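Chain lettering (A, B, C and D) follows the sequence in which the chains are written, and residue indices restart at 1 in each chain.
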């Protein structure tokens, strides 16, 4: 029920607790009131397009005029700043590269919070430090707005196909409202807990993913060196306790699977530099919570080394190639 | 020539390819000629019992009289030494704790090779260094016998239920003969390649398993510290790219799954000390083949630390507990 | 103008380059104007006492009344808040446990910057994130004050004996003024570069120290297991390329040296929990500068594990004991 | 006293226990009886030359005729096989690349033990697995000969200048005899304990060296990224607890020191591939003694990665360069 009243903000929402039949008629209309979108990059652009496809009027902005122009041609209204977006929309989605960008877009001189209206729902789909998410939530709350973190998994392909998974952190009563919007852009919308837990889930998944990928790469390499056929070894692992997503769905060894980056010289997919960034967030979170994450930490260092050695833009499964090269001299 | 004297050996097997109805009757009979068994420990004992259940006469030996007595009561013939076993059986299975035991049992003063008959099929199900397997194969070949390595996965429970998986390395023509026997003790018998590749497959699987387990443990711990519910985090990982056997089948966090060691104070299962041993074999193999296995190497060190800190006999998923303890003051 | 009100400040210092005999008499007197001190913990307390010993009037504050009382009895003036300290002194030293405390003491509601006078010299001897040091410097500059970071090495013993080493970051022209004060509390005062480089030097040293200590511990342990006498091995390492501070000055193996924590059940010295904190700062710095620090990162994880396993308050050389324990059954 | 009788072997030595004044005159002469030398590579060749310089007749062999020819021109007698060397000399030094070579040269078909005389002193200066040293000692003892392990530190430069350090393991009574010979080739000859402890000391030193070097490299890299001048940081580390041989004697950062490989594009020095080999020996020893060596293990993996990425023949301090490269795009 909560989401029905989103359009008119949290004040009404609070009213709804007292029962308010009169508002029911405004609901369906409400759900197609304008949605703000800040950050039209590789991920944000297809996400905003999917909102348009679902009939939402979109008020968008980005620092790159080209990105804005493209969305404008598809029917979006382009404005100058996040503040202006906040002036015109009471549901806003942000999709930005990193923590400093999020801080700027929300709390900067022309940021969202300069003009945010009471009751506005702010959904940040960037992958950032959970502590920054919490700070933004507190800042938003001071202005009477609601902030939720909703990072995604799935990459550009899933963004185009509206097949993203959203991991959502924030006040539970607002989840339905968030889910309504996010469902236009994704196939799964999972509620994770208080603000920051969406980021936590994302970071945890990607840390384990990186560990599994490097582990699979070194295991396959060792097996090959010991005389095993890589396809046979993959089959054995996948029917045994070594099985993981990197072995059965995204195998890093060229020739084992089709349709994955390892079959295409490690192009496309999820770049090493992006994985290194997510692992950095995991390290920051582990350090601040005094949690021992030995393999996650080493995985981070390995992806850092790869970035330093020319692998920055290759898919993260190229760690197989990085470890593999034959010994010279 | 080598297999000539083994009733179900490769010569008959080869003949059978040309159609040989006349031999069919001798083959089934042949298959119930005595089978030797050396090593009646936690794993070997139930394996030998399953051979008895399938109607094979068993000629057994072990250094512990108690183990021998138990099998004798079930109908096995107990003899004094591996050499005597070799004197009485032309198919022999060995199941021993480590490389030195295997060397002793095969090449020692009262070892199998002292009395092995030409054509005998020797199947070693111990988990040992693949280079030792190769040495045993060469030594066996000099005596006209055939050696195969066939380590298992599955643990004591699977051994009892005849549900083990055997990973078999050796001459391909002998695989059918080996498979016939091993099928009495296991649900899967996989041919891996030349001698040593059975060990290689086992070692590779367990290295990736250890990496996945530690990775899952530290990821779950981090997630919990960041405010996520462990069951919810497990669900998210398992529908995402962090999924692995340790997260979806053998979760190390108490309360997440039933029927796994983490639900029973990490009792039963696969002991930390055994995992440390297998990781040591992986390290030896990686070192001798000059293969870089950074996470496998760190996993080895972590299981070593755990052995030194009182976790030797707990299930290897207790790494969650090892990493978890709260910081004291 | 900034330094105008600080007797030995940079304006005078700059003047002195042009020769200014007239000022000479005021400078020595000036140097005995009051010095503020915030943070009277294990380190801060003996540091403040040394200032008193050198004749500086001290205006101090701390959250713990007991610490204040002790210093008051020695002649210091105790006030209620950092803001009050700033009101009464134009040279202030802060010595606090971690970044959040520094932020609070400088920028909080009753923080130094609320009442800081133009030209005040602020010296922070806490070990914190260099980025926080930079933020404090910017905040101080806005108020016309000068902020320098000056973390120490040497521990409580060195603090008592005024034998600390200060690593100082900040505007070079202010270094002489800082050095004058710090020399009352330390034997070495080293200028490192712009604000934050004092912290950088401290963090770098401690990261390499941790690596050397763990490396020494595991090397000694391995040598002992291989049959070497620990004293002999220490001698060999120290005359060879394995030599490091942890092997030749602070050996972690009981019985090798006297007067070090390993000779006293790892009591005293530099606590594991403090080392873990410094390694966390190193990780944060490495992550934010995208620097690969594989051993530093693993060292951090090992000290984290130790904290979780009861070693938090032991000297950091107890890693030898942590790694050493015999394998149980 | 023991060494005096070396020339005429252990039988005399045993006699000496009963007093034998008559032999005294043979001693000094005895010390210039022929010395055998097997293995004339980069290290062995200058070592053998130094024996010649000190007046020892040398009986040498090597698989490479060129190496033999060079030594022959300097006065050595060249023979066909290790067995022949053993036939003509009762003190023999071996200097070989790895364990399999040592096994072959001692126990192979034309190996030393085929013709070794009773009482012969066998000194192996190769760096190999201590367990192989022990096996060789047992095999030698069966033939009435004495085997000692005496690996060196110091590299080709020290070999040329007779400045090597020998770490000697073996029966203590034979040490004086060994020392007499080794002193012709080295500046330090250290007795370490029973057979194998020479190797143990060498392996331990090099493991700690590798840890210190990588630690120094990553610390310097981090410091530079944080704005510190590398020379200043080196100075600070060297006056603090971060000090180690790699920071104060063999700094890996170009421009910090002269006369070290980092000043010469990492040419010369101690090759990465050799360090990787020694770390492999350390791992084998740690695994077989169940010793946890987390940093040593990771150091091994890093040098393995470097070998795979083109650093095999560069000095091991090039790990600074390996970690350093700027992130590409």
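Keep this in mind: a residue touches a chain if its C-beta (ideal position, glycine included) is under 8 Å from a C-beta of that chain, and two chains touch if they have at least 3 such contacts.
What you see is a predicted model, and the numbers here were worked out from it, not measured in a lab.
More contacting C-beta pairs link the chains of C-D than the other of the two pairs C-D and B-C. Centroid to centroid, with C-alpha atoms defining each point, chain B and chain C lie 54 Å apart.
Note: centroid distance chain B to chain D, computed from Cα atoms, is 40 Å.
If you average the Cα atoms of chain C and of chain D, the two centres end up 42 Å apart. Among the residues of chain B, those in touch with two or more other chains are 290-294, 298, 302, 305, 307-308, 323, 327.
Taken together, the touching pairs cover every possible pairing of the chains. Within the complex, the chain A residues that touch chain B are 130, 153, 165, 167, 188, 190, 192-194, 196-197, 200-201, 203-209, 211-212, 214-216, 218-223, 225-229, 232-233, 236-237, 239-247, 249-250, 282, 285-286, 289-296, 298-299, 302, 323, 327. Put simply, chain A touches chain D in their complex at residues 273, 298, 305, 307-310, 312-313, 322-329. Of all the residues in chain C, the ones that touch chain A in their complex are 276, 280, 283-284, 287-288, 290-294, 297-298, 300-302, 304-305, 307-308.
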